[in-house]
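So that you can tell them apart, the chains are marked A, B and C in the order they are listed, and the count of residues begins at 1 in each.
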């Protein structure tokens, strides 16, 4: 099926609006769209809604022979499927973009040793558990990279592998019913933050329209320890070292925010499962679980909104029902080269439990 | 003239015949094409059969090899059916890679034969080596109703399958086929027979030819075993309950005829 | 919902979300218990020249499982979805075009074929394609004690001796698709066929509710729909 490109008028409008520092969906330059994380009935089934971009992640295991080079480690495999459900520009077949996302996830999650793969070994050199993460893009509205990474990390944190025992030569793999499955050992949580560039302006979490007019983007994966895990520069844009370090600061901050949300949603899910009387997902109806999660999410969101609005000192203009907020001045820098972020972007750092430490390492905030 | 009419207006052509209670190839409305079964058609296979439904010709061959069992079922062997619809049997199939229709049909055969034999019987060394039987069904010529022919060929082949004796090398632990040992017959729990009815307008026509398949509004395939139990049913036609129960009566009658032929062939071989 | 069934018939809670995908022409997600399927429709759109049919539109189906690489079973589901579409969609209304049906299984816990068909029907309606009738899929499993169990979980399917999936249409109440495996007698089969029709009737009622919920958001339809008695429709099924 043929892809429908953005009309010339829309393109012109968008670039002129972005030049003025406005974003079509009334976001600030550093704002992410709403992130909604929900879980399915099985372990390792997570769905992430980033704005309207919807990504499904499923984790599964198989028993296989290990690679001869690493006889006592299981492997982690990513499969990114850009389903034709999501947009007319994806045919469902492997494309350049799906390879980009797969590579990015591999570099970010597999090669930074997020999962302790030695825990997946059953009998060294003979049998290991292999992990497979299936990422399916269900709806496309820009920034597939971040949505996929959040979904993959959430699903891996949510997943529980089957328990096994080895008795001589006999291997017994227990079903979830016979023995409680075991969570994976996750060493750190890297999250990518994609930042688009349109002329002088930077756009955190670009949506589909912005993606079609922006010059290029950078995806930076950082973890909660303020470590940079991977940087990917896409779209053929060139950056100054100062801009790169500024983007790294933004990414680090957003990672704190997002990983806090992942932890929170995981806690909520486990609380719900416990409340349902059992940790075994098959015993609860997914409908009620889903609905409860939805409700929690809605309450949480409305609270947040109200708080935000109360403290919101940013100038905003309203046209009918559309609110346009001005992007904060992005080019102001201190003498030290540390970026001064506006309040609204720095504010969510409150959700991070360990703020004191952060202030030490980032005197700019 | 008649040929031109058939190409331009295939449905009208069919209707003109059906009005006179006859089908274009001269059969009565409930008539079936001649069925031929030839068992042990392939001498190198453990069991095989060739089946003809009129011009439709299908060959089934069973080949065994040793395989490793799964962790969860350490004593169960495998039955792996594979339906091959090459382009040479009908130009509607694409050359090269497996056709979707073939994969879908392999699945149907797979669901049909999952319980056909005790998979534990295929165990050679518990937890280590089991028989994996590849059931290859190749269509030589597709003139409609390939599924029925494939099921019949598969049933006839499985019913005449002999597993060779095996022995384990003491030093290496390797398993070998023992050509001098006594072969054992694969015991079947049931023998499935498939009967397909093609639905055109308000008529159900058994054993459709390719021309009839191209214009049908849907079809019903029912698999009945030798204990007259339903083993599988796939229907994609708009049918009322009365039509279904009438079809089931017909299917049972037809299946018992085919079964008696199959039994006769197996005895003489 | 699903309250008027015979006592012996029990089904898992069913829920739907319509038009949840922003880019597709029609989409729906149906959850029955722990089984969840998303269906999206593109169409009628242009068709590859080699597949073009001058008399009707071509229906292309893709079925994707939730985990692992594509299993051969997906091809059978694709065939099943296409056959049902061809029975119901008035394909002659859009000659020389193509309707793409994409089925994404999100989680699988029994009765998956029926869930697929229900999601398919809602997605086709959401896409606004001309149809001869609606249809509803019903799965049931025959237990060892010859009792029938509707809308089985994967575990119940595993333990059963026969599994049936029927798809009924609602204009003449005929069955338009049957998938039956396992071992059953003719009598048992006919009983399952007739009893499952009751569940289908309930599913049609569920479709109606789902669409009322969707249309209520649209000002054009608000006048036409009966007013909500507080809490009646939004109540969560127990």
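Rule of thumb we're sticking to: a residue touches a chain if its C-beta (ideal position, glycine included) is under 8 Å from a C-beta of that chain, and two chains touch if they have at least 3 such contacts.
A quick note: this is a predicted structure, and the numbers were derived from the prediction, not measured.
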| item | value |
| --- | --- |
| Identifier of the chain whose CA centre is least distant from the whole-structure CA centre | C |
| Most distant chain from chain B, judged by the mean position of its C-alpha atoms | A |
| Between A-B and B-C, the pair joined by more C-beta contacts | B-C |
| Between chain A and chain C, centroid-to-centroid distance (C-alpha), Å | 32 |
| Between chain B and chain C, centroid-to-centroid distance (C-alpha), Å | 29 |
| Centre distance in Å when chain A and chain B are each reduced to the mean of their C-alpha atoms | 49 |
| Residues on chain C engaged by chain B in the complex (per definition of touch) | 72-73, 75-76, 78-80, 83-84, 86-87, 162, 169, 172, 174-186, 189-190, 193-194 |
| Residues of chain B that touch chain C when the two form their complex | 100-101, 103-104, 106-108, 111-112, 115, 190, 217-218, 220, 225, 228-241, 244-245, 248, 252 |
| Touch list for chain A against partner chain C, complex | 1-2, 40-42, 45, 47, 52, 54, 56, 58-60, 79, 81, 83-88, 92, 132, 134, 136, 138-141, 281-282, 285-288, 290-291 |
| List of chain C residues in touch with chain A within their complex | 12-15, 20-24, 27, 31, 33-34, 36, 38, 40, 42, 45-46, 62, 64, 66-69, 100, 102, 104, 106-107, 109, 153, 155, 236-237 |
| In the complex, chain B residues that touch chain A | 71-72, 127 |
